[in-house]
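Order as written gives the chain letters A, B, C and D; numbering starts at 1 within each chain.
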Amino acid sequence: MTSMISTSVIEAENESRKEALKRDYEGLGERLSRRGIDIESIKRKVAAYGVAVPSWGVGTGGTRFARFPGPGEPRNIYDKLEDCGVIHQLTRATPSVSLHIPWDTVSDLSALKEKGTALGLSFDAMNSNTFSDAPGQAHSYKFGSLTHTDAATRRQAVEHNLECIEIGKALGSKALTVWIGDGSNFPGQSNFTRAFERYLDSMKQVYAALPDDWRVFTEHKMYEPAFYSTVVQDWGTNYLIAQELGPKAFCLVDLGHHAPNVNIEMIVARLIQFRKLGGFHFNDSKYGDDDLDTGSIDPYRLFLVFNELVDAETRGAKGFDPAHMLDQSHNVTDPIESLMTSATEVCRAYVQALIVDREALDGYQQENDALMASETLKLAFRTDVEPILAMARLEAGGAIAPVATYRASGYRTKVAVERPAVAGGGGGIV
Amino acid sequence: MTSMISTSVIEAENESRKEALKRDYEGLGERLSRRGIDIESIKRKVAAYGVAVPSWGVGTGGTRFARFPGPGEPRNIYDKLEDCGVIHQLTRATPSVSLHIPWDTVSDLSALKEKGTALGLSFDAMNSNTFSDAPGQAHSYKFGSLTHTDAATRRQAVEHNLECIEIGKALGSKALTVWIGDGSNFPGQSNFTRAFERYLDSMKQVYAALPDDWRVFTEHKMYEPAFYSTVVQDWGTNYLIAQELGPKAFCLVDLGHHAPNVNIEMIVARLIQFRKLGGFHFNDSKYGDDDLDTGSIDPYRLFLVFNELVDAETRGAKGFDPAHMLDQSHNVTDPIESLMTSATEVCRAYVQALIVDREALDGYQQENDALMASETLKLAFRTDVEPILAMARLEAGGAIAPVATYRASGYRTKVAVERPAVAGGGGGIV
Amino acid sequence: MTSMISTSVIEAENESRKEALKRDYEGLGERLSRRGIDIESIKRKVAAYGVAVPSWGVGTGGTRFARFPGPGEPRNIYDKLEDCGVIHQLTRATPSVSLHIPWDTVSDLSALKEKGTALGLSFDAMNSNTFSDAPGQAHSYKFGSLTHTDAATRRQAVEHNLECIEIGKALGSKALTVWIGDGSNFPGQSNFTRAFERYLDSMKQVYAALPDDWRVFTEHKMYEPAFYSTVVQDWGTNYLIAQELGPKAFCLVDLGHHAPNVNIEMIVARLIQFRKLGGFHFNDSKYGDDDLDTGSIDPYRLFLVFNELVDAETRGAKGFDPAHMLDQSHNVTDPIESLMTSATEVCRAYVQALIVDREALDGYQQENDALMASETLKLAFRTDVEPILAMARLEAGGAIAPVATYRASGYRTKVAVERPAVAGGGGGIV
Amino acid sequence: MTSMISTSVIEAENESRKEALKRDYEGLGERLSRRGIDIESIKRKVAAYGVAVPSWGVGTGGTRFARFPGPGEPRNIYDKLEDCGVIHQLTRATPSVSLHIPWDTVSDLSALKEKGTALGLSFDAMNSNTFSDAPGQAHSYKFGSLTHTDAATRRQAVEHNLECIEIGKALGSKALTVWIGDGSNFPGQSNFTRAFERYLDSMKQVYAALPDDWRVFTEHKMYEPAFYSTVVQDWGTNYLIAQELGPKAFCLVDLGHHAPNVNIEMIVARLIQFRKLGGFHFNDSKYGDDDLDTGSIDPYRLFLVFNELVDAETRGAKGFDPAHMLDQSHNVTDPIESLMTSATEVCRAYVQALIVDREALDGYQQENDALMASETLKLAFRTDVEPILAMARLEAGGAIAPVATYRASGYRTKVAVERPAVAGGGGGIV
């Protein structure tokens, strides 16, 4: 296994924190045992948990106004994999990477796979891109891709998805994620019904090419880049898609793709109930698809989503097997730090949901004791479970304090030397 | 036929406006004929159109803070029917009334039906009420009705709906509209999945009691009266309901029940495409379920909804037969005036949608000529079609100027004498 | 001092929890001391903190659709004070009550004051009511109060506020809170500018009657009960008011009165900076002015508000002295339980903000280390400070577990016998 | 005067439409005269009206996901001016252009000014850019510009604004518009108060450099590119800025920069009342700062804004002299067509507001006749005033049908030959 960060750095950093962690873990264990919870079994569950990292997430993101790159930006998928390797090495929580085609296209797929294996990384869902034009592309996606009025453009978009499946097969991926930006900017520009008919027709061709053990995840989004209508605008439409396509088709929920004020955890519950929850793109948002770091704006909402997941897990909901992935835009932080922190936030929400007293909660719900039901969730949420997360990382060879350890390692400085500085610039508006 | 307003008043009012109307109608006819549109055929279509009036709409509405009644508030369903008779007499656009049980409960249903017939009114969809407790009710709906955790409460709510069907059968209604306020105010208070299972179970019992020629309309709403989660929160859940229940179950769209910024016309298109659009509750809103007068805040949005309806009508969409009803809360106006004006706005949007050049629009959509597609809609929207609406009313015996004619009739003053003044008061908060 | 709950009940309940609390408090003390924080000084600060309770909050609230009262609803301000006495006795965090006139009008003010004193309660800001009509009122507020186009109606509203001041003087209050529902439901109904001129003119008359040591708090709200425009719609308008009125005029921030997605903590910061923050109405919301229990929906947002308050306190911001009050509608819980829990949440957010490492935060802000700045806040937020809150209550004679103790006391059952059951009913819509 | 479009093309196109226009104008004149309105005086007012065009608006816009350029993209400010010349030639409504520095930087300012004069264009407000990094810039704006924690960066941003003033002086501009993207993506990243203190300090330096006859317009925006907080986030903060800076400082209102559901026309009224309305960036939006074509989504809202402007004009509001500018992103249309159409929509809203019967409206407002007040506005809004707009264009030498005439001219094809094709590409995210 290739270690991106020297294990001696990790050990030195851990050493200085080990004693306090041990005491905190014991104290927490005692408090949890008073509630009838075995801290060890919780730790084992989170140790077995993983969330995928998006390959594009390790580069600095931007807005339509500007992008401000940082030092040591990854130049290609190999650089990106190394950055992902750092994240997993320190957090032990991100064992897989999700690729984006054509951004991550390489000529030698087996070399790529080997690189991943060497870093301890597998390949999660493949992501196609028909929301921007690649150089030399025959047909432009300016007015749509899978839903374009022109059949040749739709065909090109379908074939791109088929290519993504082929690449994924070579890498060991088992899923294709399809997000399109197709929509319209003016009332009247697009016929909603015909556009959706074309979408279903295109996606049926993609679906037909899925290997038996693959799943396809379609992702809805309220708006952006289209600003009046979007073809796959909400979970209702997304559900119709999954239903029309068949048993291998599922809905992907990105936490930032909803209308203001929407109760996202309820959407999650509905999709689980109707066996069409495919998975998540985790991030946080205050206004729109802000792609902020997971849990940085509304950590209780993240917990409530995980509360639904653990509830489904606990009662053995049929067909329940969602994929977990981070999907964020890191505009003002070191992407590696943001992804480590966000992976930790996901684990935290999971552990908090695990320690909810579900028997008590059931009782309160049955008796309509709204206050105690709420308090039952909040008791779990306000429990500081960091010692469990840190102990799980420590025992798996990771860092008690991932960000501090990463900074101590000097990784960013090192790659900044190897990787040439990138010019920033205006975004899409100029 | 009982005329609530003396025809001589109507004739006198019309007389003073007839000449100008004739000139305006001719001028508009000429302009439309230049676009290849026959004004007469448009007029015939809108003359054949009707929108139902809600019985509760003729009383002054209020908020949780207060209700400020006006003079001559209707005391019972008979008074309400007379007010509805006025609206239809002057607008010729509201031939049916939608009842609300138990608010409109009477002992003698055949007398009620006769009263309607005498006023030229038929009975539209029946509305059940399980969002408030009626005096003497065995089980409270404080914590839910069709989804309550207690089986007896659910049974009571089911039976109330069955009773509504029975009343409707006696009155000639052909549909039941079910809106419930069930939901929760705290995370944890309700288990989303179990609540929805209970909902489906209850509604299947209601559905089973539907006569063969009836339809059931379920209505979604994002929030209020429940402020954290609502069981039937959006069109996605509403679609699942209609699908689970069967071919007589359809989704009702209230224009004010959506999340901020949602593209409502697109939801309409999706429901049409999947043959589950049951109908509308028309009103307008700026913030939430404001229940403002239809078309008073965003008339272009109303037009865009009708654009979808006419598009479906034009291409002969299968299973397309939506019910149209106003549903508003008149807090600061004379409810009769608001309902007349709103019925006119609905007709206006319908006519504007009828004069869209659909062939040209199709072409622009096919060529992705977004600007001309938008202009095609806006050309229709900005056409002042009032002469068509007024001429249709005049020819059907209604008023060219309904509000002015109503005011000239002195109807409100007259009923204020007969109907005792009602005390206002605080709303639900005290 | 009149004790509403027997101290023996409190002691018995505390006894069973004392040992665990002691251990948890010590453990937390150790963890905080590692961060350089003295737990005792934090505890002293929160022990000295208090949040006012609204008299109307102890009755069950409702919506425009219905109100579902619970057992033992308070019949008058004396009953309400006793309920408030329970809240303060168990939480030791709510030493004052805010009255609402005319709801709390009594003939003998000195008897009322004595009752408060006996219960250990003082009187916080007075609240006037010109958003509903009181029986026998000469002029209706249907179309406005302080901004009504009719001078006599405005005068009546002004005089009501003057009366509130007089009552407050007799009770020892030092502030008047003015919230009005004035606005419009239709574009055109109201001239924005003239309505605001009338508002300022009316409020100047109220301001002129303020005693020297009083403050007036004006409260903004985006919408409801008016659904197109509201005269005091946002903090911008509220600031203009405070500026126009003078140095005793300040802005009140209700956490639920803002547009979707608005950054409330930033508004708080601006008002502090320009010395016009008067205080808060604490509650929580997901959609609009939901008036849910404080901290029940988005506890991190509450923390971020307190982060601004502690920041201002720490740097000695000039003119900084905000009033703290709960303002919630308890529709599905026992109001006493909700208010105890909410007072605790306010204290929790305060303590979490107190333990933010402000020196480190300053450094990260200066260096634009966004990730570590965020982590600094989150470290404080995820610290479970319940042992501090519980210890402060215990030491002040309150309950370690207020809700459990309250339930054990049988208070609600007892008052349900004395206070007759109240009928529920529809809200403002019928 | 340089004519970008051959006058013979314009004349030929007008010829085919002149007869119908004459009839329509006469018919409308008759209808308006029945309402006591003289169509000629309305036409004169709109003929004298102009709205500025942004230089960056004639290039195809994009999103953070992609930009899809069209044929004949302008290569520099000279090309842009020619495109603006086309817009003004055909619409006669856009006599000035607003520049953006450094995008429009040239070495020879007098040549640029001459070019404008030759095209009949003057120079409107100057726009500075400190939201993206220009090549070679000493200090990056990644973490802010006028509010950066680093003094040298702030100084650089101030100096850029001073340079914009200098350029503007040479071109005859009389105003500077300052919009910054400064803010934060994480709670804690920025200290709200200190950042705003730095903002005021920087802007005071800019203000000090304003010539006596200049104004500075500051522009607020709720979010984007910063996604947690923005320094100048709303009109409240914007008002504080204008007040702190002095009498030459005013607030700019961009129609797309507000929170969901906000009543923008009311903000306009408040700023007029307090003499701080600087002007507008017109566009339309459904979700956020969508920068869609003016009037394409909610034309009634645009009318309501103009209703406030005409109201202020009519009553002679003191200090009322707002600047009018379009600010849109044309992602899927020919920018020239969008800008011509949008300029027409602005003129349309102005004319509709001019024909509101203000005397009647005043009366209805005074009597609280909400329904007739609303109808008074809607009567004006639904009047099809296109004949007035077209006649004004025709008489000023413009086109009756600007888009059709533009297409007939072949301008885009011609410049596509001269201007090399531009590659599209991903936006800020890659």
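By definition in this document, a contact is a pair of C-beta atoms (placed from the backbone, for glycine too) under 8 Å apart; a residue touches a chain by one contact, two chains touch by 3 or more.
On a predicted model such as this, the values are computed, not experimentally measured, just so you know.
Student: Which neighbours does chain B have in common with chain C?
Tutor: A, D
Student: Check the residue numbers that chain A and chain D use where they touch, and answer same if over half are used by both copies, otherwise different.
Tutor: Over half of the interface numbering overlaps between copies: same.
Student: Using the average of all C-alpha atoms in each chain as its centre, how far is it in Å between chain A and chain D?
Tutor: 39
Student: So the centre of each chain is just the mean of its C-alpha atoms; given that, what is the distance between chain C and chain D in Å?
Tutor: Each chain's C-alpha centroid was found; their separation is 42 Å.
Student: Among the residues of chain D, which are close enough to touch at least two other chains?
Tutor: Where chain D meets two or more other chains at a single residue, that happens at 142-143, 184-187, 189, 222-223, 228, 260-261, 263, 286-287, 293, 296-297, 300, 332-333, 368, 370-371, 374.
Student: Under the touch definition given earlier, write down the residues of chain A that touch chain D in their complex.
Tutor: Listed in rising order, the residues are 56, 59, 61-68, 103, 131-133, 135, 140-143, 181, 184-187, 189, 222-225, 227-228, 260, 285-288, 290-293, 296-297, 329, 331-333, 423-430.
Student: Within the complex, which stretch of chain D touches chain C?
Tutor: 142-144, 149, 184-194, 196-197, 222-223, 228-229, 233-237, 239-240, 258-263, 265-267, 269-270, 272-274, 300, 304, 307-308, 311, 361-362, 364-368, 370-371, 373-374, 376-377
Student: Any idea which chain A residues touch chain C in the complex?
Tutor: Against chain C, chain A makes touches at 20, 23-24, 27, 30-31, 34, 260-261, 263, 286-287, 293, 295-301, 332-334, 337-338, 341, 348, 368, 370-372, 374-375, 378, 381-384, 386, 403.
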